[in-house]
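Encoded as structure tokens, the structure appears first; notes follow it.
Lettered A, B and C in written order, each chain numbered from 1.
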């Protein structure tokens, strides 16, 4: 049984569908990267798992199984016991996700005492340990600091300390380093990776940066306009992305390790914008797709599970690309 | 003669009772048709440097020379003709356009303020520029909110181009955009540079983008340039430990190319500068001398400068 | 790069042409719908519209001078069909006086708010745009006016000059501008740092153009909201003044009617209650309009 299994999840906002028919699973201890551009539904998916959607959002179909129980059927009180203890969330903006009028120690103590029977003194001692765990220097001294005394990277470490305080099985990290500098990003993501191994938790890493995915994730799910268009292990994905959108994303990215320069190479573009998916009957990517065929505009292609001898659990929502790869991937409708 | 010449420029902000030295003695040139990349972490002063050069932020000391004319102290009226020669493209495609003006108003006002052309000529210039940046022809009478992020950035580029400048300061022009749109905008900027002979001062925190886009790169740390070199040299042979750390921290899309441990510790601290080398607090190879004596930016190779005792 | 077959994607012009998918509806139509759909705003406008119509067509609705004695004193509403809302202690038509009172109250309210807005916007925008010592000086001035009790200030000004409608409007306007000035100053301070103002400066626009064309239109929404509340406050202040007999003797106003009815409060309470209700509804309607505008013009609800 997977730790988390999202099955055919659809989430709608008034006037638009944010997530369509999304299915994916996370195994215990692994990092799954959910990748896509702004507005593709990746954050909405994550917030559905936490049951923290804005009031005007509605889950129209699907199940979210966490350790076998459907979170969507969980009563609010049960959900409150799960949040912060079994599943935690780290958000993008470390500047606003901490309460500015409470010391960081007090905020960690609050989380601990909510979920675990700990005396004030024991909770404080644990809070100091946690700050130490996330490599905040002089933890016993900084425990009484307020968020404004800390740099962005330090605040994100505090957020991580709070998130792992009760030993969650799943950590959802929503663009955890987007607001940070590149040197700080490496430090924070290494810390997350280290904690994952030490605490045996799974990480759902939401990001738009394929470099972050390649370096810190085990598997990837690519979302486009509310749909998951490709699922793969990291190695096979970066070796041969199958969905035209995945290929486009990788092609459009400037990689620091390549010798591309504007004088010699033109960047490959994905033409148009994601807005063209609105009102599209078929594949949402069809209006921008270089290999689209008439059939693509008829009905959205299903996510085809590929025979996984050399590819790991791999699926792609593009029959055209699957056909192009010839006999190497024998496809079966999933 | 370079198009832009910046000499020992200083910009200071008062933060409470303290003085923040955002730009602290920066000198460099931009030649005609050249793209100079300015890279550094947030808070290093790169954006302030760009705005100081455009005279949007007052400088404290130093000189800004554009086309041989010292514009550092010119007053509004005398500055106006020079403003036409240098323009800016902003990071945020939402905040950089007045939400209450149509694209026509934005472009037409700029032309009218500089008394360029009669009504017909202005209209021609506007449709020409809108087509040039790849916007649909009916864009002129629309408001910014009717466009996607990438299109808004094209509008920002049209505004920067409409006065026919020689130098454009691009302040993180693709950082707020999705990857698939970034490539579109970068390609557009490359085309414009080639066709119009523009020079860019390209400010970014993203080394991969700077590596692709710049002819020459300046690395900035806490208000100072710590290394400058041609793009090829810098990537082949980075000399300053900070440059190396920056390069090592960029995640590669090749999963096989695993990074080592994060090369440097800590974060940029803009409030109290250490004595000696500004980077000494985070530098893996700092010694006693680094904490006592500030290294000067000195030549370390052909067109290659670094501010490190050990470079 | 591992995506060989995509390296020759469409040229940029074609790419951008395809990039027109997510256009919102044109701004004007959307705004209009937002106005009509907002129940608070519609209710406020309906009540306010009623009073405005009364004020405009007072002469048609109730011909004749409302100050004329036309009937027996203190007729109760309904007692005489000729005076549906009765007559006051001097035998003047209450309905006619209410209708003409709407004219005076709205006139004072709007002109006072206009004066307050004009001063407040000039002071606020100069202080917010220029900052530095100009801001320091103007902020002291704002504080000076704000620490003086508004009503006291109005009473003093009206007491110095004779209490004509103009004086009253001027006095209320002079006492109410600091609120607007603070609001406009705060807007200007944040907007002057915005990227589009930076862009305007880099294009070489003059300060006047930047203030008037770039910043002011974006600073207006909260000011418009404040304006409707200012009119309401001005109507209340005028009523208070009239009640204290600091009123234009030649003009009928609601506050004046309450003042006149004071002596008959126990015997003929309707003489105070009717203009009281009128004031309450007028003030309520303006506050509703303000609330509605606040919701509609708030950029966060603009999505």
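FYI, a residue touches a chain if its C-beta (ideal position, glycine included) is under 8 Å from a C-beta of that chain, and two chains touch if they have at least 3 such contacts.
These figures come from a predicted structure and were not determined experimentally.
The two chains most heavily joined by C-beta contacts are A-B. Most remote chain with respect to chain A, judged by CA-atom centres, is C. Separation between the centroids of chain A and chain B, computed from CA atoms only, is 31 Å. Distance between chain centres (mean CA atoms), chain B to chain C: 46 Å. Centre-to-centre spacing of chain A and chain C amounts to 49 Å, using the average Cα coordinate of each chain.
The multi-chain contact residues of chain C, meaning those touching 2 or more other chains, are 12, 15, 19-23. With touch defined as above, residues shared between interfaces to two or more other chains in chain B number as follows: 148, 150-151, 184, 187. In chain A, the residues touching two or more other chains are 238, 248, 250-251, 255, 260, 266, 268-271, 273-275.
Of all the residues in chain B, the ones that touch chain A in their complex are 35, 41-42, 148-151, 178-184, 186-187, 190, 205-209, 211-213, 231-232, 245-259, 261-265, 267-269. Residues 12-13, 15-17, 19-24, 26-27, 194-196, 198-207, 209, 213-214, 217-218 of chain C are the ones touching chain B in the complex.
Against chain C, in their complex, chain B makes its touches with residues 51, 54, 56, 76, 79-80, 83-84, 86-88, 90-92, 95-101, 109-110, 113-114, 131, 133-136, 142-143, 145-148, 150-151, 154, 156, 159, 163, 184, 187-188, 191.
Per the touch definition, chain A reaches chain B in the complex via residues 37-38, 151-154, 181-187, 190, 208-216, 234-235, 238, 248-257, 260-262, 265-271, 273-275.
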